[in-house]
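In the two complexes below, chain A is the common chain; its partner is chain B in one and chain C in the other.
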Partner chain A sequence: MVAMSLYTPVGLGYLPVLTVVNYVNFFTSPQAPIILVNTFGTILLACVITLIFGYPFAYFLTFHINSEKAKTYIISLLMVPFLIDWTIRSVAWFSILGEGGIINYALMVMGAIRQPMTLLFTRNALYIIWVQTNLLFMIFPIHLALNRIDRDIINAAKVLKAPPHKVFYNIVFKLSLPGVITGFIFVFVSTLGDAVTPGLWAGGLQVLGLSVSTYASNFLWPQSAALAIVLLVIALAVLYVLLKIVDIKKLIYE
Partner chain B sequence: MAAMDKVAKVYIAIIIIVIYAPILLMMLLSFNTSARPSFPMEGFTLHWFIGEIKGYEYSSYIPVIHYWQFWNALQSSIQVSVVVGMLSCILVTATALSLRHRVVGRDIVFYLILLGFITPGVALGIGNVLMYKMFDIGTSFWSIVFIDVIFAVPFGLVLMMARFDPDLMLYENAASVLKASPVKTFRRVTLPLIQWEVLSAGILGFLLSWGELIRSMWVVRGSGVLSTFIFNQLSVNPTTTRWFAAGTIVAVISFVSLLVLGYLLTRGVKT
Partner chain C sequence: MADKVVATKDLVKWYGKSVLALNKVTFEIDEGDFFVLIGPSGCGKSTLLKVMSGILDYDEGQLFIKGSDMKNVPPHKRDVSMMLETYALFPHMNVFNNVAFGLKMLGKDASEIEREVKESLELVGLGGFEKRSPLELSGGQRQRVALARALVIKPSVLLLDEPLSHVDYMLQRKLMEDLKTLHKKIGNTFVLTTHVQEHGLSLADTMMVMNTGVIEQIGRPDQIYSTPRTVFAARFVGDINLFSGEVTSRQGDTYFVKTEWGELKASSKEGPDIVGKKLAYGIRPKFIKVNDEALSLANQFKSKFSGYYYFGDAVECLFEIVDGITVKASMAPEAVFNLKLGESYTIGWNPADAKLIEKPSVIEGLDIEEVIYGK
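What follows is the complex of A and B.
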């Protein structure tokens, strides 16, 4: 793939002559800043929203569900939709966000709106779908990290009359940071590589993954390979930075 | 604390409902009389599953049972997934067992394997297709299997590593001290202790390859496997209730294999 990204594009084909023109073309094209901003804006926001919804879930699951059996059931319940066919899951969104979907129907019955809203094929649809599909990736590592916190530390802090928000921030949150970062990596990578959701449900919002697949489906292989390399380098760079902070192996081996 | 417990339960319930909503609503709407899968529903019918074919409909309105392309794709999907399941079963077991020993370069191998699912999906798919193009190999059944295995093995590995019996090494050492041959140790000691993990890794591989789209959409030919087939059809055709019926069938197959997986996993916990 690296070799292909360096081939010279000729018209709609290519010649096996090495060049960096594909990279130069991408970074100097007027769309490049738009695509990059779109990519990072949407992905980072999606990660943060997932974190906001996922963290309380993992926290409640760890500290407020007491029986081990209930915990196992809840986790397996979470895993079921995640493992069902990817395409089926995205098709199913039509029944919720579409013009005749349940949200529009409920709002119209209640009289809040007269005309169905356009929910699908917008940027918001992308956020909703990404958050829903990636929630498990965020919840699971955080739950593992929270589970490993020694309850005695929390109790000690409580005995020493630390206010609840301080107990939470200084002990629980800081000790669960490895889980948060691992979850962040998972969500980041899976949204970065997603070319289908933006194309199918977000009205073709130009993100990097979609550009790669657009080039490829027009058989512009060198260009798409160059973009895919850019994508890969970004993913690895983010990974490297985050791995400096936490040790992913620890979470898996122990 | 009691109040917090209640908040916790409500929150967890809401999130789970949100996560299940799309699939359940899809199943409900697949019984809709109207060809538009939308609320309010006009009435219940099984037409979209087993209805009569009239012979003049546009292809999006043919009931699932007469839609032979769908069944072709389903068949190849099952073939691919079964092969991926078996391969990842073997590969995951071998990798997980060997990674326990402190061999040279263990960490590098571990990261390399993990890379399989950390690489963005599109990049992996395109990279594969380009590889086939450059070496002039046609894409086939095995190229889909290959790309799915790359993706399924890391998942299974993470699952298995976390679930191994902590005393497994101890039993193995005991067996070899008692002069059992390595093959015999593996067959009589190691395998019985990890059999449920091995099986669940296989089923996980099956499910992951079953649902995989972003990676495999680049290497398929013809009508392809199910996920790519549905995606390609939906990119050009209107979403009708028929598609929801097809989706329901696929979802039910996934549910059944998940039930088996769940049963095996809880079995593994008890033993």
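What follows is the complex of A and C.
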């Protein structure tokens, strides 16, 4: 694929002559910045939102639900959506996000809005769908990391005069960081690979994945390959940075 | 109650619905005392310590520390520090920051923290260890970090949960010496739990014997050793031979106690009138004499030398009087040298050395035989 990305496009075909023109064309095109920001901006924001919802849930599950049975039950409930086929799940989004859907209905009944909001085919739909789909990937690693924390350490911190919020920040949160990073990476990779949702549900948002498949479906292999490589490189760069955070924690730990 | 550093009244703690860990526990600790809680596993000593620290809440009763009611007072507001049984060092911090943690939480400034942490580490013999990771340390070193960490915040009461339990013998002895020295030097109140009676006997100013959620006896170690109030306390503190019997009569200075295998004599110089009572007759192994030395003593029995345990300084010898009844005698190795296993020897002891204990345990309804022989 790397080789393909370096071939020269000629009309609707290509010549196996090495060139970087595919990359140049992309980065100099006016859409490039928009596409890149769309792609990585939405992905990172989705990861952050998932973290904001996922961490409290994982915390509650670990520390406030005491019976093993209840814990298993809740985790199973979270997995139920994955048992449903993707296409059928997609149809469900109509009835949830649509103008006559549940969210709009509930908000109108509560009097929060007067007219149904357009949720489908907007960016917000993308976030809602992505967060819902990936919440489990965030909750689970964080739950595992939190569960591993020796309760005695928390007790020790309390007796050493740490008030609850400091116990949380200094001990619990810091020790759960590997789980947070792991969850973040899972959601990142999952959303990265999802070129379909933005196209289908977010109103054809200009996203790198979409561009890749558009070029590919028009048989413009070199251009498609180049964009795919760009996607890969940027993704690897982000992953590298994320992994460094955990590493640094271990090296420079207090 | 106000002048004692720790006081409880009828403290009750349940685990779930069926396990009563603390059953109306009432006691006081004097300021500056080295207070040792001893008892078998499950007696409630760790629970009591955790309740005192605030890690666990209690269900009924009262707990006072330095005169203040500790109901609803969280651990970070109590003038108490604790060294946990598992040490619980913070794995993501080095030794310095572990020890400094409490001081940081108390808002001390950086230079003061640096000074106090260094001093505390020197005190436990870990000067120079500041930058090390807890994961690199040996068990004994980790323990001393935990101790330094608990001491550095200068608590009124220092709680130590089984500090001697996961440590080898040499280190145990050293640790006991160190704790005693530290206690004298710092002068605050130490409360320590252990299930090994020797630790209690050597460390304690005051000892409290616990048994499934109740207090069997509190007192100075030598008091409990010489005058145990219950059979449980007698069994748990110092080794003792115990037999169940009934006081048949009293003649002059002597009580006559009938057991299923013979009649035993005990002194009755100022004793109460307990004729007819069923009780436990106890005699400590060190008071049992063999052969010539036994011949002049009022309690004398023929027995078979059935076995021994060698302890280096002393030998614990087992003498079987009748089938199933064995008397333990603690003897010097030289004296045992002349004895042959399986041979018959006379053993004896002075009635004045015997103890008569009526109460099996503070717990009501226990059969004296059960407490003597264990269930």
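We take it that the second predicted complex is superposed on the first by the 233 of 254 C-alpha atoms of A that agree within 3 Å, B and C clash if a C-alpha of one lies under 4 Å from a C-alpha of the other, contacts with A are read in each partner's own complex, and residues count from 1 in each chain.
Assume a residue touches a chain if its C-beta (ideal position, glycine included) is under 8 Å from a C-beta of that chain, and two chains touch if they have at least 3 such contacts.
Predicted model, so just to flag it, every value in this text is computed and none were measured.
With the C-alpha superposition on chain A as described, chain C and chain B fit side by side in the combined arrangement.
In the superposed pair of complexes, A:Ala162 makes contact with chain C only, with no contact to chain B.
Residue contacts after overlaying the shared chain place A:Leu242 against neither chain B nor chain C.
Of the two partners, chain B and chain C, it is B that touches more residues of chain A. When the two complexes are overlaid on their common chain A, residue A:Ile171 makes contact with chain C while staying clear of chain B.
Of the two partner chains, chain C is the only one touched by A:Ile153; chain B is not.
When the two complexes are overlaid on their common chain A, residue A:Leu45 makes contact with neither chain B nor chain C. Looking at the shared chain after the overlay, A:Leu232 reaches chain B, while chain C stays out of its contact range.
Look at A:Leu107: by the touch rule set out above, it reaches neither chain B nor chain C. Using C-alpha centres, the superposed arrangement gives chain A a vertex angle toward chain B and chain C of 90 degrees, stated as a multiple of 10.
Taking every C-alpha atom of chain B against every C-alpha atom of chain C, the smallest gap after superposition is 11 Å. In the three-chain superposition model, chain A touches both chain B and chain C at residues 249, 253. Those residues of chain A that touch chain C in the shared complex are 150, 152-153, 155-164, 166, 170-171, 174-175, 249, 253-254.
By the touch criterion given at the top, residues 4-5, 7-9, 11-12, 15-16, 18-23, 25-26, 28-29, 36-40, 107, 110, 114, 118-124, 126-127, 129-131, 133-134, 158, 161-162, 204, 207-208, 210-214, 217-218, 226-227, 230-231, 234-235, 239, 243-244, 247, 250-251, 254-255, 258, 262, 265-266, 269 of chain B touch chain A in their complex. Touching chain A in their complex are the following residues of chain C: 50, 53-55, 74-76, 80-82, 84, 86, 88-94, 97, 101-102, 105-106, 133, 149-150, 153. Residues of chain A touching chain B in their complex: 1, 3-4, 53, 56-57, 60-61, 63-65, 72, 74, 76-81, 83-89, 91-96, 98-102, 104-105, 132, 135, 185, 189-190, 192-196, 200, 209, 212-213, 216, 221, 224-225, 228-229, 231-232, 235, 239, 248-249, 252-253.
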